[in-house]
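Step one of this worksheet: look at the structure below.
Per-chain numbering from 1; labels A, B, C, D, E and F assigned in written order.
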């Protein structure tokens, strides 16, 4: 199967990292395609940028030129999943949701360790809507911005471990979820450091997408996520204007 | 004070109606400016269109050429309020929130009477995030699309009264909230028909915006709704490309 | 319009302060009438006193000799609002409710800074019944009694700022609500000190009362708040016995 | 031990019935004293009357001339329990609370069958504050007022059975709670008719009061229910004015 | 009446202690029978052992050779109550439930002071299912295992007081519940030490069992707790194999 | 990898069916082993039988003679998962949990269609503890017992479709979950009949087990699900006594 792993921001480096993270534990016959939105912010750190990303991601998946079997939305805490579900017939997995859903099978409570404080309410709201907020022990911020995460890996590693440790010791977390799509590479190392399962949402989402694909189930089209009615929409997709030049989604192929 | 009443869709007729609805009960010194997003769908009936609208509304308010004192987001059930709150320093009132908050001061439970069934989960989620869902007796759909509402006013009037009646008699509603920004004109007539207070969210939002303005309070900038950090964002605003021609927001002035 | 701002206790000084606080941000054509209950405790600091106040306030508003357009119940955390709503046809705004409802439009979570620890469960219960408790980050007590607040303003100011600071830094509050009807004068100063919006419930309630009046909506009379049936009630109003002497409500007129 | 069973209304006939209901299953060494408030409404059917009752009941128990070991508040859905708890050192059991707490040990969910529709939100709010609302399947109104219940016992019996039957068959109730202090006599007959346990709150409250007395535990005085501070309160108790004539509480002794 | 107080573990010493604790405040005509399960672990400190205990307790009560009127399940935090309710026609009181239900009548919030950290989620889940979790301020672990509690009473006493003190001062507890069936003897001493009501669940359960027995109500048999259908079950009861020798339940008689 | 799919009851036919259902969508390199508990009831239709099953399943997995990589607990609504998680180091997936967690990624709300009415509270409680109850639209019973399901497939098929249809049309379900481990074979047919995704919990659990195995994450051992301490437990496993005869788990191998 072919899964589009869609970065919420325009950083192609991060797209490549996300695709690599996604490919690590994918099934052998799963093809991972990293997709970068054609426009938007280079990193998502708030609601405004999150909403931009939601639309840019919708544009990236609907203008993607080839067939695919599932979408993984690789922004942790970003909005938009419901819109993408409306637009597509294939399963759409969001890493915030998928990681939380997997986490509750592994421990009594989980904590999210994320980037900056202002991301916390965005994450809270998704967990609330997902209906799984009661199993979340805490959402802890490292204080590191999305773009800082990769600049000083040593610092990132240390801050993740510090906050995870507090989550376990004081908040009662038994599982740690990495609260940013760009933190995938740190999971196993952090797991070794703190002694509880650590979940990278991209892996969780890929595995759940594979599960749906194998089972032959996809988004329900009976009501909430039914296809939008035909309408004369302007301004979307933006990339239509550049259809003669740059491709809509820059898509480094990774994996099998 | 000057309030921008922002239609979520591109229908200028509906913008004019919303501005007129907003002006009905505004203070004498409140200037109501109807704003139409520069792009997007002509009516919002689902998540995809709602997310488009969120961004188009953010574009409309940030490119609006003159100063203003508050924003009323006139889409019922549409996402985006948190993003607009980040971008602006003035109070931002959303009609879904404002109508529910006013309703709970008038009766034990309220019901929302809205357009189509697929709008129900969108509304549910906003009420859940607002933290007021427990006071909502029900969300009932008339089955009429946003664009149908104005085509056959007789039918709209009848269907609103039918669903409001069931909400009162079977669901225990004591207040009715009109679940679409385009239903403003029907409030007083429906109130007379069913015998309970009927709230048009646009009026509720205008009055709450006036309240904040008079009191001198606005959106907290300490964390969730702090200004976005400066970043090189592409694709927003779209209207920048047309800065030499069409104005960003078509803004019919209504009211004082 | 004429709004009765009803002090829950018998302190006429505090009534005057509340009326002054209410008048600060009222519309020019709003007449604020401070009303003191004819009997009861000189300050409310618990359930027993709160229930006395509920009845004394009901007596004050039903025996008030002139017409009025709305009632603001100026006791923070005090019971009784539902009873007053039954008895009157005009809108009844309670400052505990009104301040919380306004607060959620300005920040992700709010905290209440109140008087003494034993007031906390009373406030909790009102927020729970109002249906807005999930948006409350914390209720913090300064340890200062109702009557102490005005005796040492310097101390009050300092303790409010200290608890508000902890609420913001540790509990995640983005808005502060003043948890006592007698704290109105401190709002703007505290706002300047802590850097987040600070809400005096009396102002919030006055503005929401003005909103309802302007819109022409009032308490739903269909069920919960329907007028009480006629019955031979004894002992209420108490002031009937003194109808030949002291007036029921001592009402210093303040404002326009 | 001596238990005051306090009728919320001024009907001495109903006080006698409540005392009789309370005595039915009391321990042999429990003395039941029915207490009628010295003033208030002859029946409680709404918030206003409920708040009057709260204060009148507080007056009745604080002016009761002899020692007692516990109080049972026999009004179903009436407010006031927290105030009485503050005023007394002995255990205070409220029939709304006590019946619900007993019910959850006997079945998965319980339903309340009460008098009139407008009593429903009052009951809902007490169950919510008690923290047991999630185990309540439904609150169903017979449409019979408090004073009607005894006028036509045949009708009362039939309506109780009809609503209990619907609660069991459609709402999933496994236990029925009688939602009015004056319905005590109907419990065993209704239980025989519908085949599930039926709980009269007065019995539940008496047994829980006996339990606390036997165990030697009473209301916590550490915070919420600490004794009120000394204050110069006016207007309470009202009956002080008649101390030379009528006794504060008319108290028919029933039981051992 | 005769109440079986069933120890969840196989320690006959602890059974005797539990029976003694149960007898302390029982009615004079209540006969307390301590019952030890015929197999299982000598102390319950986790889910696995809890489930074993659930079945062993079911075996103990169904093979008990003489009639009885109620069952008290004396394991704090242990599962199984619903199964025992299915199997019997007499009331079944669980100490986790009973203590919490009694506690909410005595204070605004209660805290549980229990044995080891891993017991906390088991207790949380029972409170959640009972529907009373919102009134629980905290569940605090002393770090002492079930079997350690009796080995060093001095230490147990000290740790209980320390955690209870924190629960009162920091978590807002107004009532303390002893979170282990083997802690009964410490209630009054702890109550004296910390100044709030302290509840031993065994006493609470005995008193509620007496209440049901006196009132003549028992487990609802209409649905959830209906008798199991007849089936050819193997492996239960285990003790059937030993019917020629050791008695199923070793039952030291205590009390009246 | 090797997954034990553990039937909660002793019917070897049903074990074979479950193993077959599990194998349908398993990865090619997944070996499915159906396991039948060595004792217990031939079908689980209530709490008592559920608790027996919990222990018998714990016995089956701990006495299973060969290594395995994950466990799927194939009883829908049955207790025990936490105990099995304590006992093992490999991931343990429960079909009630797994199906609900997958369902929320495919639609706004899901409904469970199960066997008999008395199974409903058992399922409710698991969804509540899992923390996903708010996304469950309804739990509907067909009225068919576990053993009836396979006797008349025509009837089963019809009743499933009828209840699923009501769940979709009246309760707002967008996904249907099969609420019995023995219904696996009906998923695709029912999906075709009602037009929404239908989930067999066994498939969901197998896919999530495969996901954890591939990712290298398993049950957190830090607290709730830590290995039980060593203790002298009697009566478990029962099958130890028959170690010379019948094997503990009858395990038909199915799949790759």
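Here is the rule we use: a residue touches a chain if its C-beta (ideal position, glycine included) is under 8 Å from a C-beta of that chain, and two chains touch if they have at least 3 such contacts.
Computed from a predicted model, the values in this text were never measured in an experiment.
Student: More than half of A-B's contact pairs recur, by residue number, in one of D-E, B-C or C-D. Which one?
Tutor: Most of the A-B contacts reappear at C-D.
Student: Need the most distant chain from subunit F, centre defined as the mean of C-alpha atoms.
Tutor: C
Student: Quick one: report the Å distance separating subunit B from subunit E, using the average Cα coordinate of each chain.
Tutor: Each chain's C-alpha centroid was found; their separation is 54 Å.
Student: State, to the nearest whole Å, the distance from the C-alpha centre of subunit A to the C-alpha centre of subunit E.
Tutor: 45
Student: So the centre of each chain is just the mean of its C-alpha atoms; given that, what is the distance between subunit E and subunit F in Å?
Tutor: Each chain reduced to its C-alpha mean, subunit E and subunit F end up 30 Å apart.
Student: Give me the residue numbers in subunit E that touch at least two other chains, ranges are fine.
Tutor: Counting only residues that touch two or more other chains, subunit E contributes 108, 120-121, 172, 223-225.
Student: Using the touch definition up top, name the residues of subunit D that touch subunit C in the complex.
Tutor: It comes out as residues 10, 38-43, 45-52, 54-56, 58, 79-80, 82-87, 117-118, 120-122, 125, 128-129, 145, 223-226, 228-229, 231-236, 238.
Student: Quick check: in the complex, which residue numbers of subunit A touch subunit F?
Tutor: 25, 27, 91-94, 97-98, 101-102, 104-108, 130-135, 168, 172, 174-175, 188, 191, 195-199, 203-204, 207-208, 210-212, 214-220, 222-225
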